[in-house]
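First chain A sits with chain B, and in the next complex the same chain sits with chain C.
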Partner chain A sequence: MRDQPVLDVDDLRVEFRTGRETIHAVNGVSFQVATGETAAILGESGSGKSVTAAAIMRLLQSPPAFVTGGAVRFKGKDVLAMPIADWRDSCGREVAMVFQDALMSLNPVFSVGWQIAELFRAHSIASGRAADERAVELLDRVGIPDPARRAKDYTHQFSGGMRQRVMIAMAIALGPDLLIADEPTTALDVTVQAQIMELLEGLREEADMAMILITHDLGVVADAADNVAVMYAGRVVERGPVGDVLRRPGHAYTLALLDSVPRVQSKGGKLRPIVGSPPDLARIPTGCAFHPRCRFATDICRREAPPAVAVAPGCSAECHHVERVFNDG
Partner chain B sequence: MSTAEQEALIIRRRSSWWQLLLRDRFALVAALWLICLFACFLFGPELFGKAATTLNLRARNMPPGSTEQGWLMILGGDALGRSILARLIVAARNTLAIALSAVFLAMIAGAVLGMIAGYFGRGIGHVIMRFADILQSFPSLLLAVVVLYVLEPSVPNLIIVLAITRLPVYLRVTRAEVLEIRERVFVDAARALGSSRYHILRRHITPVIAPTLLTILTVDFSIVMLAESGLSFLGIGIQPPEITWGLMVAQGRNYLSQAWWLAFFPGLAIMLATLSGNILSNWLRIVSDPEQRWRLEAPGKNDA
Partner chain C sequence: MAHFLGRRALHSGIALIGLILAVFFLVRLTGDPTALYLPIDASLQTRIEFAKKHGFDRPATEQFLVFLKDVSEGDLGYSLRKQRPAMELVLEAYPTTLALAGVAMTLSIVLAVIVGALAAYRPGGVFDRVGSMASLAGASAPDFWVAITGILVFAVTLRWLPTSGTGDLPYWILPIVVLMLRPFGLMVQVVRASMLGALSSAYVKTARAKGVGETAVIFVHALRNASLSVVTVAGDLTVGLINGAVIVETVFGWPGVGKLMIDSVIQRDFPTVQAAVMVTATAIFLLNILIDLLYVALDPRIRHQ
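Coming up: the complex of A and B.
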């Protein structure tokens, strides 16, 4: 980690209020990302990782979503408190986001070159021919062959991987300091996934950007991230450098996640799926939210929310049984 | 990579709009007919204004198909012996001007209100939608009668009244589409890359809903022409000696049993104008949609 973090999320809380119930999607998430660092947010569907990203970008529709607490500081400025127009002006220029499904994230009625050039025009950085030329340069930079011709094509004429490259080109167009990638490779097949991750990593290094990588894919986290925050039921349950956390987790949930992933080396070994399903976020279990599915669970897990316990230098886990888990893993 | 090869198979050559139009016979005929009408619109009253008002008592209710009284009488003569063909040509200007202004006015006002209702807050949306409800639940003919009776029955007033009665359709369709499109991921993506609300409406939402609105517009075009004829028939629309196709239909109605051509030809003109507009707008919709365009570019598409 280096000096002041680019992004500092502190105790962020987000609720969705429907007519009948309140869904606690994010319940006190904190993490920091420093310049040049890749921070991964790891969690299964419904753990609140995408909502966290949307809250940071202020993309949530309110109602039904309400940010009920916490702060997001980007380069020291309070994102949630500033006027939305100011933040939108920073978006693209200083922070950018890549979405999971590039087909859905690009406008179907404009050519991709036009859409990238539009970004320069919207931020009044370049206009007309100059904007078009910069769009072609960007397409070239993200590895799209024959960029001058492909710039005239529409979204549906691109393959999944190429579309994601276009989306990435748009995200890095204005040279942001922070890139949030929300499951950038989930919709792609494995070989293309590797190419896209390589591209993202390369671009990040080149521009010394910070990157937040949101994913449920342990392989992607292990390959690309420096630090990881594991989310469960809207909380970060374990955090630390990727190597340490994935090698010897301190939280029962992280361990269970690792056990449920097939590995080539241990062929024939039994997979241990996590029993049950993620908790209903309108009725989060008391104590540790993971206890109904946890094989280490004891009485205290049902009664008390676990405090953060240091596992190793820079690592902490919110678990009552850190030692048992640590020694088991 | 196999996907890249597949992409290479997609027909890349983009034909120009002209080439596409020449290949689609229906659209071509429709376009030619509309150009013809537009010429009538521009030059009709200057070229045929006199012929359209000249009385010729020997040609009263003259049946069509004979050129005894000159070729202008080929479509017959009206109750005062005026050339129906000349009157049709002259009436094109008023008819098209009123109908087009009314539908475009309705579309623009409806689209703007619909976007506001769909995109900005609930409060203002409710106000706008209740306004649309009131407009729709009030009989449009009655509204027109009241307004035109109180105000002068002039062309601008007629256009405004017709536009107001058609406005709710555009308003509702626009709002519904905006509500759906604003939830699409590409709108979120545009926001995440720093687009303002105004920018999103103008650059991302409007282009997607425009084809739908244009399609409604061509259908509305005929409805407005007929509504205008109804008002003219009641004597609060276009005042003679000004003429429109709708007024010609209304006037010809009295003679329907003896001289059907008085009402038939102006009716045919309304129908053909509407039909051409429909065909051409449908063609335009396909050409301007990048995902549909190949249907026109692919060879032998007439078999499909």
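Coming up: the complex of A and C.
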């Protein structure tokens, strides 16, 4: 069972069709997550990482969003082909999601206890007082003090960190096999971030869940993930075990990301910001999408899309200049 | 809560006094009722006696003080027209108005919520376009014209429904449909707009990710949030109806407080006008408290302020 991935995303493509233009948000994303593994998807905003997660959960509003290609297999089942009602039945029970902004993602007019208990009711596992009691237990499990009283409170009565704990309680309520965490700590301040990541990691380990961690935070990736997929302009441009990728990246974009954040063990000590801005997804540059911002770029980068090149065992990068990048980094 | 209700009652009491002042003096600007109630050849002596009996011979300010004294004793005077206590007339007419308003508003709210929610579920879809057109037509149709056309078609030509008055079900159909047009039309637009916002919100995404069924997503998660703006508009529209739907009640000869008020104004039946205004104002005050309580019940964020 360990060998079969819990989730297998294969060449996923998503576009948004507005009246005037087509936005190519996800352009052939592939990755796998195995039981007990934390896979990080790393990228700037607009790189397509959250759209990928929404497509997996089938939460995209269509129109304007359309999945135009690829497959998502969850425990062997074709997610995108099954009737939506069947997939919704798996949602919450087998796959759960933690969203970025818990204040917006929790319903303001229902108590948090009600919202957690709703999972048991929606999946016909428990109802009434039994469901409420399970909700209190979950609040206790995610470290909310005085859970019986707090279950009756509403979102606006919680602090940011506590709200995210509530979201996590909902996500783990039915013991899912896969947890998708979409920027779970982005809206929080730094000390709380660490606590939330610790909680998530602990719960993941305890239940031997698989976790997809979507983030733009290199530190979070380095601390919590086993494998990482770096996304740029809707493609996974580099993938591999976290240690290898972050230590010696093979893609110019990954290297640029690493150079743009301060690190304790940095070599030169000088930060190098990435020039320019992320590409307009309606007009993605030809060849390698990163070439207008890349200091390694040559003619071939402008003409041809780079193939995936093996960098190290288990690591690959879609870059024409893997060797130069690898030796520079 | 008691503090809140007390403050609300105080504000409403002040407003009510202002309203009574305005009505009392404005209604006296319409002219002398003596001319309307006595035969054209009535002697001067009779005219003076009539004015004296009803106190119209005294200055308006003095009349007002007498009126205040009577009101404090629970006496709102006698109707000039019907020779019965004015309050009795008003309380007789008011239940018919309330019944009509209640049925029309309940139906409007229920239908508007269903139509608006389904329209918002697939914006731009066939149902949305038809629903939006229908609601726009309803909100903008002039009620007196629809009422008269309705009588012409369904009562006079087809002879399916009675032309006017009140009684069993057939009497209710036309007035209710005409009364519903505007509230239904406006509320469909409000429900649609607020449901569009609610359905694209992050908490609806969360509900779907939890595996909550679509019906519950629409009618529990989204609607409960959208209901706040619906309550605001519905409350406002209800005020318009419990005030006495003057036009509809007049066209359909519906014996409600709206018709009573307009008849009393035309015939300078001052005590009845005053009593009707006081009763409707009190009803609106109570309705507003009800709306406030509904807000508190629906939105925990207000509760904790």
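Just so it is clear, the second predicted complex is superposed on the first by the 322 of 329 C-alpha atoms of A that agree within 3 Å, B and C clash if a C-alpha of one lies under 4 Å from a C-alpha of the other, contacts with A are read in each partner's own complex, and residues count from 1 in each chain.
The rule is short, and it goes like this: a contact is a pair of C-beta atoms (placed from the backbone, for glycine too) under 8 Å apart; a residue touches a chain by one contact, two chains touch by 3 or more.
Note that the structure is predicted; figures quoted are calculated from it, not measured.
Chemist: What does the overlay on chain A give for chain B and chain C, a clash or a fit?
Modeler: Aligned on chain A, chain C clashes with chain B.
Chemist: Quick one: is A:159 in contact with chain B, with chain C, with both, or with neither? Answer first, second, both or neither.
Modeler: Once the two structures are laid over each other on A, A:159 reaches chain B alone.
Chemist: Counting residues of chain A touched by each partner, does chain B or chain C come out ahead?
Modeler: Counted on chain A, the partner with more touching residues turns out to be B.
Chemist: Should A:148 be classified as contacting the first partner (chain B), the second (chain C), both, or neither?
Modeler: neither
Chemist: What residues on chain A does chain C touch that chain B touches too?
Modeler: 54, 57, 59, 85, 88-93, 96-97, 99, 101, 104-111, 118-119, 122-123, 154, 156-157, 167, 170
Chemist: Given the complex with chain A, which residues does chain C contribute to the contact?
Modeler: 200-203, 205-214, 216, 221, 224-225, 298-301, 304
Chemist: In their complex, what parts of chain A are in touch with chain C?
Modeler: It is residues 54, 57, 59, 61, 85, 88-93, 96-97, 99, 101, 104-111, 118-119, 122-123, 154, 156-157, 167, 170 of chain A that touch chain C.
Chemist: Give every residue of chain B touching chain A within the complex, in rising order.
Modeler: Within the complex, chain B touches chain A at residues 1, 3-4, 6-7, 10, 12, 184-186, 188-196, 199, 203-204, 207-208, 289-291.
Chemist: If we count contacts the way the header does, which residues on chain A are in touch with chain B in the complex?
Modeler: Touch list, chain A to chain B: 54, 57, 59, 85, 88-93, 96-97, 99, 101, 104-111, 118-119, 122-123, 145, 149, 154, 156-162, 167, 170-171, 173-174, 180.
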